[in-house]
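Across the two complexes that follow, subunit A remains constant while its partner is subunit B and subsequently subunit C.
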Partner chain A sequence: MTSYFIRRFLLIIPTFIGVTILVFTLTRLVPGGPIERMLSEAALASAGETSTVSDYDGRGGSMLSDEQLADLEAYYGFDKPVVVGYFEWLGKVLVLDLGRSTRYNDPVWETIRDRLPVSIFYGVCTLIITYGVCIPLGIYKAIRHKSVFDNLTSAVVFAGYAIPNYVVAIFLLTAFAANLEWFPLGGFVSDDFADFTLMEKIADLFNHAALPLIAYVAGSFAFTTMLMKNSLMDNLAAEYVRTAVAKGLDFRRAIFGHAFRNSLIPIATSFGNNISLIITGSFLIEKIFNIDGFGLLGFESLVERDYPVVMGILVISALLFLIGNILSDICVAIVDPRVKFGSGESGQ
Partner chain B sequence: MNVLASRLKGKFTLDPLTVKQFKRFRSIKRGFYSAVVLGVMIVMSFGAELLVNSRALVVSYQGELFFPTYGDIIPGRTFGLDYDYETDYRDLDGLLQERGGDDWVLMPVVPYDALENDLQPGVYPPYAPSLASGHYLGTDSTGRDVLARLIYGFRIAFAFSFLLLLCNYLIGIAVGCAMGFWGGLFDLIFQRVIEIWNLVPTLYVIMIVASIVVPTFWTLAAVMVLLGWTAMTWNMRTSTYKEKSREYVLAARALGASNPRMIGSHVIPNTISVIVTFIPFSIAGGITLLTALDYLGFGLPPPTPSWGELLSQGTSHLGSPWIVYSVVIAIGLVLVMVNYIGEAIREAFDPKKFTYYE
Partner chain C sequence: MALLEIDQLSVAFDTEGDTVTVVDRVGFDVEAGETLGIVGESGCGKSVTALTIMGLLPKPSGRVQGGDIRFRGESLPNLPPERMRDIRGNRIAMIFQEPMTALNPVHRIGRQLAETYALHQADLPDEAVYRRTLGLLEQVGIPAPEQRLREYPHQLSGGMRQRVMIAIALASKPDILIADEPTTALDVTIQAQILELLRELQRETGMAIIFITHDLGVIAELCSRVVVMYAGRVAEQAPIEQLFAHPVHPYTRGLLASIPRLEDEPKTMLTTIPGVVPSIEELPSGCRFANRCPYVKDLCNRDAPELLAASQGHQVACHRWREVDAVALEKWGS
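Then we have the complex of A and B:
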């Protein structure tokens, strides 16, 4: 089993190199890179300042000489062929240098690090709410299968599952923030957050967080609840629970002592992937509520063609995803001793 | 002869298992009624021009009947108006009613087209819903009817999702089967390819394509297929793996069946339930993705009617909540129905019998 997991970790390397090569090459092939963007911005700015645009030569409004252009290309590393550029970038990543953002001119890692607390706050809250509510709810629904409560919660949970979370977010924003004005229109905290007392700060934080959290939770809710319910019902119908009940064990202890533990196995299969969820979040929800987190940074860097940040975010999210998959498998191996990875089917 | 006859008969009568599955599906009320309603909605959306249109259904003018819905435009002069461009049938309707007489116009239920800007003098759109103006769900920020755009957007979204589904499943079944059936190095290499593919940000590729060519319905679908084939491939790989190791495949092999025969007439028919079960969820996924892209402005080019574009208008005009409410209710209803159907199909193909204790 150890050798299996070591092999899995080693397989991260080709995947990681594959995806970074692919995206790196794309960044080089696409028109509209940071230089063109800067040039057009500069052209716009000077057009605003000087009313006559006489030296407009149609080359992206370039007021730069060819030498200056070449200097800029060298500065951003666009003068080298793709392969050389890629290996230079990879060499820097290996010593944990992600380069500088072309938009903010700050180191990429600092840009990303500044956004992390916001995303982690939402990620952790979502995780706590999801598991804290879904597992008990799933258990209750399994025991009271086909009761009114079960059918009612199923309908609600299913609606939340069917409607994409960004639609939920837009609805909440329109209804409760814009029209009823119960909640602020977005952002992470108020502008004058620094002047608040501690209690006000907490209140302000959760006032801002309420709507996005509902949107985050709505989607993940159904999946975990139904998984918990169905797997518990499967286990309740299993022979070993029947045996336990037949031998005189009371129902409560049959559930919590026997069936419950086994029905956590399916939940464990996706547990590791939560590390991606916690950190990367959903850029759509962050965009809708204007929350300055990791997801919004990724989206903005794509729109603004801020390639070092795009690549930096790709590195982090790819590694998190790949490690998360392996963590999930490790979780399964821990909770279910019957699982033997590495024999028979390869990978999964 | 007898064998042949029974074989022929087998081709034309339904498999008893299929009949049973269909009966089970019908007994799940929530899913069955969703399927009926959604089916009717899809069929009706094909004739959306007859329900939502600025062109009249029927015009009776000086004893002659005109059906302007499909076909070339009818210039205003035909109806005694003083212009050569297309007749404004809503105007004509009012005019003829005022004039009295035997001439009449029959307008569709929603007398607006999805692309036309209906501006009221002196007031800026978006206009609130009103029965009097015929904008039952109001208009968007350029005066286009929300209901008309919802209905035409529904048709486009569904057509798009079906197209995605077809292409993704064709590729997925072919590649997934091959991966599961042959395994080994081929499987290992494709596993890595899929893993890499899944990590490439979809939005990024679409933005890149958008910066090279203007996205159309077809290019957008092509890009999404290019990125979206992996999910079905992975499912097919897993289920082929399972089927391949069962005795009947071994028996077929022992009888000397060729690989194509084992895959085509043994493995794939037995994975049909997996494929069918995923269809509704793939449809829902396609609609969700297209709407998200349209919302961000990287989807179908304007002025294509789309739910995502309405959502983005709604978020920039938060004071006109009818835009957002209409779209949210429409998306909610459609996707909940699609999911109910999916749930019912899953239940029909794989009924779970539970034992309860009290």
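Then we have the complex of A and C:
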């Protein structure tokens, strides 16, 4: 088992290299790549003069100086053969030198790092709320299958699932922030956050977070709740539960002592993916509530063609995704003893 | 008073807007220490009868419609759930058909064995529980029991798992063991081993066994008395020798005739009972075997036959068994 996970972690390396090759190829091949973009901007800026796009040696230069251009070319290794360029770039990525944002002119890693606490806060909160609600709700619905409560909650979670989260976000914002003024209109914390006491800080944080969190989780209940419910119902009908009851167990102990852990197996499978997806956030919700998170950063960089940031985010998301997959495997292995990775018999 | 009395038991299931009676006025007794076989084809109600005894009918669709089950004189269907849990798994234990799915895949064997003690002998110290579970595994013939206790069900073969199931059932030294087709899913050699084990355990513990199967050969090997069920009713009930030597119900005759024998002409067609069991939604009002019976008369289609004594300890539910018997005797005589 341990050897399996060591192997899995080692396998991140080739996968990650594959990802970087793709990302690097993008910068070389895609029209409108980082250099061209800057050049065309430079050209635009100098359009008043008689220069053409092909006539670009940066002399219009209000956006891009020769020096910046050279920097850029050097960073992406355009001044060197492809392979050499790639390895030099890879070396920089490994020490988190992801280049400079063309929009903010800050190092990309710092730009991303500044956004991380916001995204992690929302990610962790969403995760806790989703699982904290879905698992008990799924259990209760399974036990009370076809009851009024079951049907009603199904309607509610599916309604939440069917309505796009940005619609929920807009509705919440208009109703509770704009009209009723119960919550702030947006942002992660208040402007004078630094002056608050600890309790005030926490209150302020959650005051700001309430509406976006509702928008985040509204659609996420359906999947996990129904997965939990159906999987528990399957297991309650399983023969080993009948064996357990035949031993003299009462219904409650048969559920929590026997059926529950088995029905967590499919939930564990999706756990790691949720982690990586949630940290990357949703740019629409972040946009609506004006939260400076990962999602918004990615969206804006894409619109602004801030390629160093886009690539940085791609690389980091890919890494998170790889780690998320391994986390899923670990979760499954913890819950299900039948899963014996790597000892000849394959687990899944 | 018999240890367990099944008295005119009827069990019904609610289906979409309808109620079907799957077990209809079934009655038999189980004496302490005996092995009673219940035989019949799939869907004849033998498993439902067993589950009803255990109080394990699927809820809310299944329910006892009429009659009674008395264990040491106590009416089981009317017991409060807490009292029933004391009996279930403690005084009456059950093993199932599919050893592959009957054990919880995520718990170790030891834990699943010890659970019975935790439920019914809560004051037993952990050390004693461990020694007893170890003893149980030895008793059911599992090699290297210390190691097995730490293993998960998927690490055991089907036969081993069925032995574990038997060990779990034996844990509280029950008065009755209900075995619902315990060997059907196992291959023949393992089947023989398990039957031998059950016989041995019965000799040691003196428990009664209700053995449910569709396999007359298994019945012949193990049981002292047989109940033949057909389409939710008891067709015939007799001591084992009597049933095999002198069956009186046309269905039982058909069953016995359809067993292939070594002295049969090779490569001839097997004898079968023509027709199929009436489906549970459209059971006839008269005798349920009427549509397949070679001796059928108008009376059979009109009235359901009562279970009557044919001889000492031998009961049959057939209007015409005397005439059929006479015909058979004549044939044998010639």
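To be clear about the criterion, the second predicted complex is superposed on the first by the 244 of 348 C-alpha atoms of A that agree within 3 Å, B and C clash if a C-alpha of one lies under 4 Å from a C-alpha of the other, contacts with A are read in each partner's own complex, and residues count from 1 in each chain.
Going forward, contacts are C-beta pairs under 8 Å (C-beta built on N, C-alpha and C of every residue); 3 or more make two chains touch, one makes a residue touch a chain.
Note that this is a predicted model, so its numbers are computed, not measured.
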{"item": "Which of subunit B and subunit C A:137 touches, first, second, both or neither", "value": "neither"}
{"item": "First (subunit B), second (subunit C), both or neither touched by A:337", "value": "second"}
{"item": "Contacts of A:227 with subunit B and subunit C, given as first, second, both or neither", "value": "neither"}
{"item": "Subunit B versus subunit C as contact partner of A:267, first or second or both or neither", "value": "neither"}
{"item": "More subunit A residues in contact [subunit B versus subunit C]", "value": "B"}
{"item": "Touched partner set for A:26, first subunit B, second subunit C, both or neither", "value": "first"}
{"item": "Contacts of A:258 with subunit B and subunit C, given as first, second, both or neither", "value": "second"}
{"item": "Touching partner for A:248 - first (subunit B), second (subunit C), both, neither", "value": "second"}
{"item": "Which superposed partner A:320 touches (first subunit B, second subunit C, both, neither)", "value": "neither"}
{"item": "Doubly contacted residues of subunit A, that is, touched by subunit B and again by subunit C", "value": "242, 245"}
{"item": "Complex interface listing, subunit A residues touching subunit B", "value": "11, 14-15, 18-19, 22-23, 26, 29-32, 145, 158-159, 161-164, 166-167, 170-171, 173-175, 178-179, 185, 230, 233-234, 236-237, 242, 245, 251, 254, 284, 287-288, 298-299, 302-303, 310, 314, 317-318, 321-322, 345-348"}
{"item": "Contacting residues of subunit C [partner subunit A, same complex]", "value": "54, 56, 81, 85-90, 93-94, 96, 98, 101-108, 115-116, 119-120, 152, 154, 165, 168"}
{"item": "Subunit C-touching residues of subunit A, taken from the complex the two chains share", "value": "238-240, 242-250, 257-258, 261-262, 335-338"}
{"item": "Of all residues in subunit B, those that touch subunit A in their complex", "value": "183, 187-188, 191-193, 195-196, 199-201, 203-205, 207-208, 211-212, 238, 241, 284, 288, 291-292, 295-296, 311, 314-315, 318-319, 321, 324-325, 327-328, 331-332, 335-336, 338-340, 343, 352-358"}
